[in-house]
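Here chain A shows up in two complexes: once beside chain B, once beside chain C.
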Partner chain A sequence: MKIQSTTQGDVNILELSGELDYHSSPELREKLGELTGKQASKILMNLSGVDYMDSSGIATFVEAFQKTKRYQGRLVLAELTGTVRGVFEIAKLDSIFEIAPTVAEAMTRLGTKA
Partner chain B sequence: MEKRFELNASSEVLSPFRKELRQILVHEGWEKKTSDEILLAVDEALTNVIRHAYAGGSGKMTVLVRAAHDKIEIVIEDLGKKFDPTQVPPPELPRHKPGGLGVHFIRTIMDEMIYDPQCLEGNRLRLIKHKKKI
Partner chain C sequence: MNESEQPIIEVKELVKRFGDRAVLDGINVNIPRGKITVIMGGSGCGKTTFLRHLIGLYQPTSGDILVDGVNIAGLKEKEMNEVRRKFGMLFQGSALFNSMTVGENVAVPLREHTDLSPEIIRIIVRVKLELVGLTGFEDFMPHQISGGMKKRVALARAIALDPKIVFYDEPGAGLDPITASMIDRLILDLSKKLNITSVVVTHEMKSAFRIADQVIILHKGKVLQVGTAEEIQNSKNSYVQQFIQGESEGVIPFKQTSEAYLKGLLST
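Take a look at the complex of A and B:
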């Protein structure tokens, strides 16, 4: 899995590509931990390149989501592939997370122009 | 068709194994969405072997894939400590804490999850998925 980290205005963007499983999720957990550790107020995860995700990936998102909530931050997931969306649906987490169809839409929701 | 995989109980093996299993599923005519789901269920079962049966230590796991025209059966064996996923209670959903979803995925996706309580050493888990009749 590859993780590309950028910022746009006050939004921290993580663009993921590849497979997010028990092997690769610790790397993402560390990246998200850095952001939540410094209480990043807006985190956008671009998941358009993620072609596989298991429960370890979901757990990583849930942990980051809970942390951002604690300091009133926001975590928005964007551009989920069909496979990844299916995993969120089985976990019934598609209604808990803030999910945007596109990165531009996610930026708008976060109050920043793409 | 029957194929046996001998794997080290290590997270690095998961991705290459999924590629092999996907090829079998494609060859056996499973549609993509169901293939994705079966891959997820088997991946979760193997992850449980690595995490719980071997608790991060080294060991072997064997995966036997039996494909018939109407179903696929995957038998996972290990020599680690006893872990019976059928005894894991269903989680409350949506889950607000990280973790605890792997067995839920297996139960939701597969038609049958059978743990062999008579396995003398380690664990034997059978996962079965039937093809939907069109």
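Take a look at the complex of A and C:
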């Protein structure tokens, strides 16, 4: 898995590609931990390049989501592939997370122009 | 054939003898990837034995079993363990650790096979327990919950590591209808949404035809017929018809027993 980290305005963007599984999810957890540790107010996950995600991936998002909520930050997930969406649906978490169809849409929701 | 069409398991000329008796007598069959395969057949026809070969618990007397192209017949235990990581298994009898909570039981494979942090494992355990309808039971001990609930805990544990293939031996046996249909629902969900392959041995005809993409009928250690639920229901084979109708009345097992009994008496 590859994680590319950028910022646009006040939005922290993490772009993931490859397989998000129990080998690679600790690395994502560390990255997200850095952001939530400094109370980043807006985090956008671009998941368009994720072709496989297991339960540890979704658990990593859940943990980051809990943390952002605690300080009223926002975590938005964008461009889920079919299999990734399936994992969210089967875990019944697709309605809990803020999920945007495109990165542009996510940026708009976060109040920042792409 | 691209990868998604390639069967996840291919069984070729599988023979298993116990003593001089061939319990599996030349089985040729494929398990399609991402689909639900149901194995049926009269009591003692070799279903459990067949399943145990697929997961490498038994070594065949002869024949091949290819899992993702790897022949597991004759594989060393260490290599077999590598293949088994792809597998989840739900067997008769739930076999929970009685000294551990429900949550700890589900966490066992995650603790053993991954380096995930306790916080992440805790979240995964909760997701899996929700999947089997047991949210809120994390801190219960096995003796505090019903048999059906134990079965569901065992299922949550079986899918803890997100296996590619899940094997079930009579998942609904002895369960209340609600738990049984919940397990059916889950098998369907795993297949449709996550492309997980399921191999299910069952006697429950209704359940079988509801969930199966492919049905395999075993009879006397051989594959009698393979087909969709519809094809099996419309089968022209008289044994298959008799089996489908008899199973609900329990006719076949008795008949089989008496045949075997008579044969046994006459041959001594």
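The rule is short, and it goes like this: the second predicted complex is superposed on the first by the 114 of 114 C-alpha atoms of A that agree within 3 Å, B and C clash if a C-alpha of one lies under 4 Å from a C-alpha of the other, contacts with A are read in each partner's own complex, and residues count from 1 in each chain.
In this section, a contact is a pair of C-beta atoms (placed from the backbone, for glycine too) under 8 Å apart; a residue touches a chain by one contact, two chains touch by 3 or more.
As the structure is a computational prediction, the values presented were derived from the model and not from experiment.
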Side-by-side fit of chain B and chain C on chain A, or clash: clash
Touching partner for A:19 - first (chain B), second (chain C), both, neither: first
First, second, both or neither for A:59, with chain B first and chain C second: both
Partner chain in contact with A:89 - chain B first, chain C second, else both or neither: second
Chain B versus chain C as contact partner of A:98, first or second or both or neither: neither
Footprint overlap on chain A, comparing chain B with chain C: 21-22, 54-56, 58-60, 62-63, 83, 86-87, 90-93
Chain C to chain A touching residues, read off their complex: 110, 114-117, 119-121, 123-124, 127-128, 130-131, 160-162, 189-190, 193-195
Residues of chain B that touch chain A when the two form their complex: 11-12, 14-15, 18, 33, 36-37, 39-40, 43-44, 47, 50-51, 93-99, 101-102, 104-105, 108-109
In the complex with chain B, residue positions of chain A that touch it: 19, 21-23, 52, 54-56, 58-60, 62-63, 66, 82-83, 86-87, 90-93, 95-96
Chain C-touching residues of chain A, taken from the complex the two chains share: 21-22, 25-26, 29, 54-56, 58-60, 62-63, 83, 86-87, 89-93
